[in-house]
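Take a look at the structures listed below.
Shared between the two complexes below is subunit A, which has subunit B as its partner in the first and subunit C in the second.
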Partner chain A sequence: MTLRVKDLKVYYQTLRGDVHALDGVTFDLEDGEIMGLAGESGCGKSTLGKSLIRLDSRMRHVGGSIELDGKDVPIADDDAMVPLRYHEISLIPQYAMSALNPTRKIGRLVTELLRARGVRPGDIEDELKRRLELVGLSTDVLNRFPIELSGGMKQRVVMVISTLLNPSLLIADEVTSALDVSTQRSVAESLVEFRDREYVRSMVFVTHDISLVYQMADTIMVMYAGRIAEKAPVKTIIDAPRHPYTQMLISALPEVGSTSTEERLEGIPGKPPGLLNPPTGCRFKDRCPMAFDKCAEQPPLLEIEPGHWAACWKTGE
Partner chain B sequence: MWRYIGRKSVIYMLTFVIAVTINWMIPRFMPGDPVRSMLSRASVSDPAALERMNNYYNEIFGLDTPLYEQYLSFWAGLFRGDLGVSIMLYPKPVTDVIMGAIPYTLALLLPAILLSWIVGNRFGAFAARSKILDNSILPVGYILTATPYMWLALLLAWSVGIVAGLLPASGGYSFSLRPDFSWVFISDLILHWILPFLSMFLVALGGWAIGMRNMIIYELEADYSNYLQALGAPRRLIRRYAFRNAMLPQITGLAVQLGTIIAGSLLTEIVFNYPGLGSLILDSINNNDFFLLQGIFLFVVVGVLIANFIIDIVYVLIDPRTRVQMTGGAA
Partner chain C sequence: MTVSETLLELDHVHKVYRTGAFGGGRKRAVRDVNLTVRAGEVVSLIGESGSGKSTIGKMVLGLTSVSEGQIRYEGTDVSTIKGFKARKEYYRHVQGVFQDPFSCFNPIFKADRVFEMVRQSYAPDTSQEEWREKVLSSLDTVRLDPGNVLNKYPHQLSGGQLQRMLIARALLLDIKVLVADEIISMLDASTRIDVLNLLVDLKERGLGILFVTHDLSLGNYVSDTSVILHKGAVAEMGPTQRVFENPLHPYSRHLLSCVPQLHQTWAEVDAELAANPPEDVTLPTVPEGEYTAPLLEAEAGHFVGIDQT
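Right after this comes the complex of A and B.
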């Protein structure tokens, strides 16, 4: 067991009150597992990604715990998190294009970062060069400034830097969102390769692109309005989803090879609820075609078959 | 890199030519006849004598030739280092008059500009993100930077110089002394220098500190800072990067500010009756001495151009982004 998150609650503090971005999230991540984390904008998937490594100044840890390799992750204590960061938990940020200091050559940036984290840069130099070549970059990029690289190259440089210390857990936050389709694929493939070569033990891949997750991930976790709707192996989520939200989400995707032009793809009518004052009970009930009386109570996240978790009263029957 | 410097040099040369031309034009098209006003001070009543004196001076100053000839001979003189003869201090050459004033202005301006910039940046970076300093000392910075140079100068001259009587509030040195290289003279020089220096230093200091504080906060919010924080990099490293990147706009700011600072020094020098270029400008305007005025402006223009040129080059050296753009990636 690599990662165990229990009833995690993280709120954003705003002038109008707390935004319940994560409201009781529980899941496990196995060794070697790549978990796709999907959901609409504002469902809390990026917040969950951030909560695993660093809360920003507006985020507040309200409850719940995170355990990595049997050790507690003190997410609320910024200083106590420092030893874990980079060594145990690492991040490929959403903004990888601008994640590198523009006035430092990449090689020097890496050296300074490593030295600051107590690693002798010389010990790791060969590995760094090997990994750059693995993702298709020449080692010459170390002598360049970030502005001299293309977006895709910067993305790959950040990928290599982030995973250089072989972390247990890698959070990839919307890493493919800003890339074109062919680059998306090569980035996704590199990430899988990193896992296969055990550069990273397990990975949370935050995205809204379910078709990409389908190609690379082992499991998919679908979030809705700050809670988990369903978590299952990729095939199960795509072929036999049980939660009505997942079902509607999957049916809203175009099918490969489909030539039908008569059927328009159906979206999900309605909007997700605001998280400033979230509704009680099941948060999907207002948009759910199967909603009934019991949905006024919050459905628990239950394991309906091994490795398949869902939070819906209808699936629990 | 050399192509970049070459291109910049051409631009600066063009600016120089245009500035010199405008500089030559302004006093000549200003109302008032300098020779007449000089003669009226001599109170010559005989019209024939007046006429002859008028012609004599016009010939000496070259004012009897057509305008284009005056313009060309101005350029010719410029290259010989000959800027004509001062009317106000006739027959002293303009170059000598200016050379006498320049050490005072430079001794005042250079330390004021550079020290306020260095101290202000350091201080602003230090104050950023520290609640106590941010709330107590930065408001003082806002007041300082909103203060006009001459008003602060007046305040200092009045409070420190006159009421408290701690420091001399007028002149470059005591009237009882003659310029020489004695300890007495130099210490007297320094005492006279403190107040004008302070008035310029303080006003500029506030502006730089505030600018730097805002830039640092901006840089600490930047993506690369967040990334380093997520990877657990220590605060010191992140701050060092932020400071360096925040310096870039401050360097541009310095270049832009140079012109204003020279204008500020004019008023400061007048308030303290300091014998630099500023006081000289005022005197030459009052006396319609346009050769002198022209010469001073020329020096100011050259000074600003040189300073900007240096900053352009420094900027290229420290910002890889400019370097890459300007030199086509050969950095």
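Right after this comes the complex of A and C.
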């Protein structure tokens, strides 16, 4: 078991009160698992990704625990997190393209980063070059400035740098959203390759694109309004989702081959609740066609079949 | 199919940008593009970044000049429309909606101010009462509840709502052509489809829509005609169904094989392609130094363009 998150609560502090961005999130991530984390904007998926590595000044850890390889991850204690960052838990940021310092050549940037983390750059130079070649870049990029690289190249450089110390957990936050389809495919495939070669043990892949997750992930976790709606192996989520939100989300996706003349797809009416004063009970109940009296109570996240978790009163039937 | 009125015609359109510090370099962003948009038709311009798809949209909207060739709107060359009044008349019929709805609104004013601004500049004689009717009916068309969106600030509304308000704003004018430049990409999956369905509704009301997108599955869902652009030139053009079922240009095949699908993995797509390799098509060629991009009609209405790899 690599990662175990239990009842994690992280709130944003604002002048008008706390925003309950993560409100009791519980899940496990196996060794070698790539988990796609999907949901609408504002559902807390990026907050979850960030909470696993660093809370920024507005974020407050309210409750719950995170365990990585049997050890507690002290996310509320910023200093205690320092030894874990980059070594054990690493991140590819959402705007990887702008994560590179424009005034440094890539090589120097890597050297400085490694020194700051207490690693001798010389020890790792060969590995760095090998991995750059693996993702289809020449070692020549080390002598270039970020501006000289294309978007896809920058993304791959950041990917190699982030995983250089073989972290246990990699958080990839919307890493392919800004890329063209063909570059997107090669970046996604390289990420899977990194897992297969055990450069990273497990991965949380945050995205809003469910069809992309289907291509590369082992499991998908769908979040809604700060809570988990459903988590299951990829095939199950796509072919037999049990939570009404997942069902509606999947059926709202146009595919290559589906046209408006054959069949009109339907969106989900309404919008997600605000998280400043989240509603009680099931948070999807106002948009849910299956809602009934019991939804006034919060449904627990239950394992309805092995590896398939869902939080809905209707799935038990 | 009934032959309907041609609204917009692009005739050998080129766009050359000056590049480099002193504008010494030249970059041909759009190369020899021919296409037509008819009333009641959605034409998708599909391409990756740098393919020239947005530049075409901008040229149609008059936001950037045409370097060579002609864009004709109902037979009139758009570049000859000069002067404040004439241009305004053009914009009464041709409007655009863009990618980021959040940056289209001034955050310190209420969102419905955009409707009032249209009234001030295009219909100053209309009475408040009459105008209100018009706004309400236009909001009804985009399926927004007036109570939810009027009198609100932009930050109180969702991206999908703002985007639909911008479309409603365009509908207040007597538009015939709508340029929709990546209007879906900033929206969430659950509201995307509503905006797409709205485009289909507008099409059925007889609008011609130029739908610019990088997402092939979206293009597939709404459009009648698909145009795949590669490096500024048309790689493939034809009825959407034919283009997606039987892509002829190697670039379109590559692009389609990279699209993440919901029920087929990339490996399965590749295996299928390897098992039934598509027949090669002879692509048109261009002599060295010429910047034309001829199209070859492979089957009725389905064209392939030059190879630029």
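One rule holds for everything that comes next: the second predicted complex is superposed on the first by the 311 of 317 C-alpha atoms of A that agree within 3 Å, B and C clash if a C-alpha of one lies under 4 Å from a C-alpha of the other, contacts with A are read in each partner's own complex, and residues count from 1 in each chain.
The criterion applied here is as follows: contacts are C-beta pairs under 8 Å (C-beta built on N, C-alpha and C of every residue); 3 or more make two chains touch, one makes a residue touch a chain.
Model, not experiment: these values are computed from the prediction.
*Asks:* Putting subunit B and subunit C onto subunit A via the overlay, clash or fit?
*Replies:* Subunit B and subunit C fit side by side in the superposed model.
*Asks:* Where does A:79 make contact in the superposed view: on subunit B (first), on subunit C (second), on both, or on neither?
*Replies:* So A:79 meets neither subunit B nor subunit C here.
*Asks:* Considering only the touch criterion stated at the top, classify A:250 as touching first (subunit B), second (subunit C), both, or neither.
*Replies:* second
*Asks:* Kindly classify A:98 by the partners it touches after superposition: subunit B alone (first), subunit C alone (second), both, or neither?
*Replies:* First partner only.
*Asks:* Measure off the angle at the C-alpha centre of subunit A toward the C-alpha centres of subunit B and subunit C in the combined model, and quote it in steps of 10°.
*Replies:* The three centres form an angle at subunit A of 70 degrees.
*Asks:* Which holds for A:40: it touches subunit B only (first), subunit C only (second), both, or neither?
*Replies:* After superposition on chain A, A:40 lies in contact with subunit C alone.
*Asks:* Would you check which partner chain A:123 touches, where first means subunit B only, second means subunit C only, and both and neither mean what they say?
*Replies:* It touches nothing on subunit B or subunit C.
*Asks:* On the combined arrangement from the superposition, state the nearest Cα-Cα distance between subunit B and subunit C in Å.
*Replies:* Comparing every C-alpha of subunit B with every C-alpha of subunit C, the smallest gap is 7 Å.
*Asks:* Based on the A-chain superposition described above, do subunit B and subunit C contact any of the same residues on subunit A, and if so which?
*Replies:* none
*Asks:* Going by the contact rule set out above, which residues of subunit B touch subunit A in the complex?
*Replies:* It comes out as residues 222-224, 226-234, 236-237, 241, 244-245, 248, 318-321, 324, 329, 331.
*Asks:* Using the touch rule from the top, collect the residues of subunit C that touch subunit A in their complex.
*Replies:* Subunit C residues touching subunit A: 48-49, 158-160, 188-194, 196-197, 200, 214, 216-218, 220-222, 240-241, 244, 254-256, 258-263, 265-266.
*Asks:* Would you pull the subunit A residues touching subunit B in the complex into a rising list?
*Replies:* 53-54, 56, 81-87, 90-91, 93, 95, 98-105, 112-113, 116-117, 145, 147-148, 158, 162
*Asks:* Which residues of subunit A touch subunit C in their complex?
*Replies:* 40-41, 151, 180-182, 184-185, 188-189, 208-212, 214-215, 238-239, 248-250, 252-260, 264-268, 271
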